[in-house]
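The next block holds one structure in the form of structure tokens; read it before the comments.
Each chain gets a letter, A, B, C, D, E and F, in the order it is written, and its residues are counted from 1.
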Amino acid sequence: MPIIIVEGPKADKDTKRELVKRLTEVVREVYGVHHVSVVIHENETENVGINGELLSDVLRHRKAQGGKS
Amino acid sequence: MPIIIVEGPKADKDTKRELVKRLTEVVREVYGVHHVSVVIHENETENVGINGELLSDVLRHRKAQGGKS
Amino acid sequence: MPIIIVEGPKADKDTKRELVKRLTEVVREVYGVHHVSVVIHENETENVGINGELLSDVLRHRKAQGGKS
Amino acid sequence: MPIIIVEGPKADKDTKRELVKRLTEVVREVYGVHHVSVVIHENETENVGINGELLSDVLRHRKAQGGKS
Amino acid sequence: MPIIIVEGPKADKDTKRELVKRLTEVVREVYGVHHVSVVIHENETENVGINGELLSDVLRHRKAQGGKS
Amino acid sequence: MPIIIVEGPKADKDTKRELVKRLTEVVREVYGVHHVSVVIHENETENVGINGELLSDVLRHRKAQGGKS
């Protein structure tokens, strides 16, 4: 404890390494504890819903419009 | 917020699209909020336990008996 | 299975009863299953963060501005 | 998305405000995204187990020994 | 790791102490690991849904019928 | 209810079968209930952080040193 569960996107190992390192630093400093566990769940964009739409659909629509996230 | 986490079975994209759309409608109407996030975790039947048995075993036994869920 | 975990706001019993009833209907129809469990976690607004701010602070600021959610 | 769920100890509002602010900064920078939600679950020490013992018991033993975390 | 999250009922400290001790033994023996964390979420019966009904309603109906769980 | 969520390592089917069987026995005996659901999330070692390091890195370092877990 504490345990941090991340529901995030697909990511490469370097990204996850940096995420774990920096989340752990924050949790240690803010809570004043040493032991921190992190679990990263990588989710496909078709497994995430944002305001009623699949994230995969949202991103496809944005791309079609030349838009940005 | 709110956030809905679904521990469900494997499903195709159309099923997940409908699930996200309809869960979001319910959450918006019942709570009276706009922003709703959904995360769908698709679980293999051998990663789910029902009353002490793997779901994959339960389904295999039912099938052998010509039974139904 | 499936299991639905709701990270939501404080709510009264009637709201939660309706939420469970309607979420279960959706999950049954979309997945074509019978057994559905729901767990509702009620979270204080000071335990939720939205884009870097506590929800309790966001709501206080909105109220001060006469704004809406 | 992303969503960060923190299973942490009891904390005051200022601690949670700082936690949300800093976790969000890290997630934004590492993933390169804007929208970040955080949910903080505050857990009593008697609801956490560390290697087979309640955290409340571990802390009591440490205190009795004048030890540190 | 591993981490065990329990979505359970209200329980007294002795029950939770025994739960943590025994879940940890099982996880250690089955996975062959040493470090095990457990988090117990105690849920009110009105925050749990079973097949579309609040658990609090299910229990009240059973009691009225002199039934058992 | 209760529901047990396991954030664990990759495992074969026999391991998961034993885990579900034995976790369910413990939960039934300790809580005095019949219905128990288990969900096993199998996590890659590069998706788990221990005290700021990826578990995959921790294991690689240990191996290089001929160490043990």
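Definition applied: contacts are C-beta pairs under 8 Å (C-beta built on N, C-alpha and C of every residue); 3 or more make two chains touch, one makes a residue touch a chain.
Owing to the predicted nature of the structure, the values given are computational and were not obtained by experimental measurement.
*Asks:* Enumerate, in label order, the chains that touch subunit D and subunit F alike.
*Replies:* Under the touch definition, subunit D and subunit F have A, B, C, E as mutual neighbours.
*Asks:* Measuring centre to centre with C-alpha atoms, which chain is farthest from subunit B?
*Replies:* Taking each chain's C-alpha mean as its centre, the farthest from subunit B is D.
*Asks:* In terms of CA centroid distance, which chain is the most far removed from subunit A?
*Replies:* E
*Asks:* On a C-alpha centroid basis, what's the spacing between subunit A and subunit B, in Å?
*Replies:* 21
*Asks:* Approximately how many whole Å separate the CA-defined centres of subunit C and subunit F?
*Replies:* 28
*Asks:* Between subunit E and subunit F, what is the gap in Å from one C-alpha centre to the other?
*Replies:* 17
*Asks:* Residue numbers in subunit F touching 2 or more other chains?
*Replies:* Touching at least two other chains: 1, 3-5, 7, 19, 23, 34, 37, 39, 41, 43, 48, 50.
*Asks:* Can you identify all of the chain pairs that touch?
*Replies:* Here the touching chain pairs work out to A-B, A-D, A-E, A-F, B-C, B-D, B-F, C-D, C-E, C-F, D-E, E-F.
*Asks:* Which bits of subunit A are touching subunit F when the two form their complex?
*Replies:* Touch residues, subunit A against subunit F: 4-5, 13, 16-17, 19-21, 23-25, 34-42.
*Asks:* Which stretch or stretches of subunit D touch subunit A in the complex?
*Replies:* Per the stated touch rule, the residues are 1-9, 11, 15, 18-19, 22-23, 26-27, 29-31, 33-34, 43, 48, 50, 55, 69.
*Asks:* Can you tell me which positions in subunit E touch subunit A when the two form their complex?
*Replies:* Interface residues on the subunit E side: 1, 3, 37, 39.
*Asks:* Quick one: in the complex, what on subunit C touches subunit D?
*Replies:* Residues 7, 41, 43, 46-54, 56-57 of subunit C touch subunit D in their complex.
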